[in-house]
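Labels run A, B, C and D following the written order; every chain starts at residue 1.
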């Protein structure tokens, strides 16, 4: 059960509500986000909503049978739209495009890609500076310096930045340079990181774990939301199956199911989803027709020279063709 | 190595070729299809193609490094187009739609669905009469009588029939009433059935096994082709993964990979691919944008009363909306 | 619901029972096996068993909530013991060992392996003559001649033969030379084959499909049992997972779950279960400690020269060590 | 390539080695552990080991073709034995037993379980105080107070403590009360945590991710080792597959493959591996026969009242039976 409270509820009224719920043996979690104040109430007794609904300070009450609550569409049927500033929105009905290199490598590399984005009217850039790598001996990214490098070129061009955060201690140093924090697949159930991102007022893009279920992804989002951050989006990026011709199996089914179960925007990552450059554009298009709110993909001037993920990264021409194609079908998506 | 022979090759010239290959310790399989005569030659020695190419009776020679040969796109880069008669083609660049009930249930049911197909200009009907069911106590289909029932209503309307064959002994009784034999997911590696379908001059639609790899599907097609039947199409119908919110995980990646590795048409089955009615249309559209040559889906006047698979079957209105949508995007597919 | 009938039930009494069940809208399947006559009754109404139990000709009635019935342990809590003759049993509390080559190759090969089995007191030999192979160009076994070759050497030595049957039409030619029909993983849901094996009075070993669920395996066994053959055993042989260091992932969990859900013996196939020779013996032992009634594994005089599966086949020394080890731990298994 | 250095190598000699390797375009990582000093050298040039081996300060050089190096058995063929003090070892050839509750709940609960361990001569206790839970609203453990509670009762009884650490900031507060840090399945690729545990001189037990490959697990161990901590053990705890009758599919194959690829001890977790109480003991035994160096399982006085994982937790009687069984077969394990 979710109780939406009036912002200016008196402590007296609040304690009456708490008291009433405790009598019913409900455990209550207070959630105060950027936008609203909620009580999440979990218990086994059947409560007649009307016995609570009249209490002072309550704006609305919703029964939510899912084990995740705040991210469920059972209580919030309108889809969430995320405002990144400068008239850039995610989940507003037009497909969002986020593109950029796997890793930030140099000022020159960033400049080239920023140029490509500007040319094609793309206003969100991805780019990793803290890179989770299977081997401890592999390139792990340029770190915070890479992020500043990215920021210096994106900021003046009104290009928003989405980049991965790997641990709690990085949040503070990154926050001024980031528009969307990305939680990577490997950290999809790193609950301490999720908790910490709940206390930050920046949008978060949460990638599904490599073998994460739909339910687990929604619970991970619930972790963040329940700590106070409503500005969330979910990302399907392929799952691990028995088939190993491709790096991952892009789970196109997940898009609609996520849109059905949750009010959060859903972004598709075709680059990781199939992991083979020449197939990325069609998976991107397919995912939009399956209902995704946007795509995030990897682009690099010379993919074959990229420090990571080159085999799944588009070059500028391929990227431009994809963008044009998306623009051509845009009106047919809904 | 694939050797294409002249149709009228003399036995003398043929035996020279065989002799030459045997000297190189190649095992040779003769394949005579509806259209061509081939020799499939497998061996470990590196052969200089020129040392054979000049032999009389040889039309062309192709090196194919894949372990499947005849279905590979390495030697036949043009895509295969299948002619079903009455100007109905599969793989001709326009999306094919095949629709119909999971099971044939009654003349009345067939009449209703045939009416729906005619109204919407759909010229291929699916419908099962031999049903593989997990439980021996479940409805197993109307059998050959159901097929005749289907035929009587489709034939006069120039509607082609695709239906599943489960065992070798059924082929003979079915053949006069069938336009496309379907091999179901559970029989995807039933090699005796595949062998037998290779000796028949009817198109075959081969479904990927529930956990069949891309390679296994191509090898299954190779079984049929190598027995003499070139008129084949492949079908992606969802795979088994850890995610169990949906019946299967539609593997959208497979479509492009199959189109890349093989010259055979690829059909998508969104009904089994996700298994939940309201999501079927978007998966259908997505699969066409991913490159599928067509879709096969389940439709029934009253899905909730269908004897099988009702939960994934569209009703007439949903089906019509999907057909209209496909027609609307048709021109943007390539 | 399973009704056990008296063998000599009068047609009159039988029709009373049928009539009573029909009135309750139960569908009834008659099952007559080597040992018993049953009625399998499926319906939605709650029936008070006592309202039927007093009818003449009924020996016993059992409610079975599982969707598989006859193979369930809910009605038959004693485990099934299969008598192969010559005092050879499966499921009698001592671990059964079945060993032999992947494929029968020659009289000489068979002689060597029969010698190895005799030396080590192993009384069941495996060996394939109809081989399902991914590629149509691979060695497909010696066929019925290979089986006769096997029989001629096994029969005089009281060694029982387990070998795979791939299609209905093979049953008749094989039956005189076979002690246990094996259904391979790829045919685990070949329902026509299962039906046909239900009409034969020879034990059947059913392998789990490569991605077959426990439930599906039990339903496959139910197919055979419900056609009249009670002498069945189940075989765990590894499943397909994301891990591809080994050919399959041996599902040790399945053994106990199968023993819990069904009264049928469970055999472990460590050769396919891990697919790497040096690891086979430990998986064999582990599976016995997990509760398997026996093991089936591949052995060959010179595995590296075997025509198929050499990489997972033990040589005679490895096989002998395994047998000795099994004998050494035998008394600790229960 | 791994170079083992003499402990007292001079900076001069060290720089000669570095210089020589740089000339060959090798990247070099210095690793200084509790026991040894190493250089990990990665490059593409083929180096003749003899051209380096004679340099001063080098104790030994090993070529390791695996992408993980220090945890590979290619250079260290002797298995690692971990000394926990008080004559308690892991990997010494006798099976280690670690048992305890899923979560630490109260002093009374701990006392009961410690009593059970003492009675049965078990000297390592597991017990979670920081609990990763799918839902943010579930019980997340008693935290550091729970750990102190555990310590107070284990320390005087010479019982060693293994407990999960979830994030870097917890290491410092936990370290005085912990004998073995456990990295949970969800944090198996939390590289920052792994890095931090490499800088600590306490043994670490690393659980395989829920869909982690063998290679990924070994790379996770390499992360820790390469930061300076050699005292590591690996834990197989079941993987995610299509089968959902059980919580996870215990991957018995993994045990031998890990023992073959790495010199680190391998512990089996049958509680998570199958997730159903009555089956846990047989999986425990099977895993020891498959080659595991020990088992870790969940035990509680009243599993049905446990705050978490009750369905897979043994009661005292079941636990005692298992321990007795392990003792009975101990001598047959190798």
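The working rule: a contact is a pair of C-beta atoms (placed from the backbone, for glycine too) under 8 Å apart; a residue touches a chain by one contact, two chains touch by 3 or more.
Computed from a predicted model, the values in this text were never measured in an experiment.
Asker: If we define chain centres by averaging CA atoms, which chain lands farthest from subunit C? Would you check?
Answerer: That would be chain A.
Asker: Of the pairs C-D and B-D, which shows more C-beta pairs in contact?
Answerer: Of the two interfaces, C-D and B-D, more C-beta pairs touch across C-D.
Asker: Give, as an integer number of Å, the spacing between the C-alpha centres of subunit D and subunit C.
Answerer: Their C-alpha centroids are separated by 39 Å.
Asker: Taking each chain's centre as the mean position of its Cα atoms, how many Å separate subunit B from subunit C?
Answerer: About 33 Å separates the centre of subunit B from that of subunit C.
Asker: How many angstrom lie between the centres of subunit B and subunit D, each centre taken as the mean Cα position?
Answerer: 49
Asker: Could you list the positions in subunit B whose residues touch two or more of the other chains?
Answerer: Where subunit B meets two or more other chains at a single residue, that happens at 211, 215, 240-242.
Asker: Quick check on the complex: what are the subunit D residues that touch subunit B?
Answerer: Interface residues on the subunit D side: 211, 240-242, 244.
Asker: Sort out for me which residues of subunit D touch subunit C in the complex.
Answerer: 211, 213-215, 239, 241-243, 245-246, 249-257, 260, 273-274, 278-279, 282-283, 285-287, 289-291, 328-329, 332
Asker: Under the stated contact criterion, what part of subunit C meets subunit B in this complex?
Answerer: Touch list, subunit C to subunit B: 27, 29, 40, 42, 67-69, 132-137, 166-169, 186-187, 189-193, 195, 210-211, 215-216, 219, 222-223, 226-227, 240.
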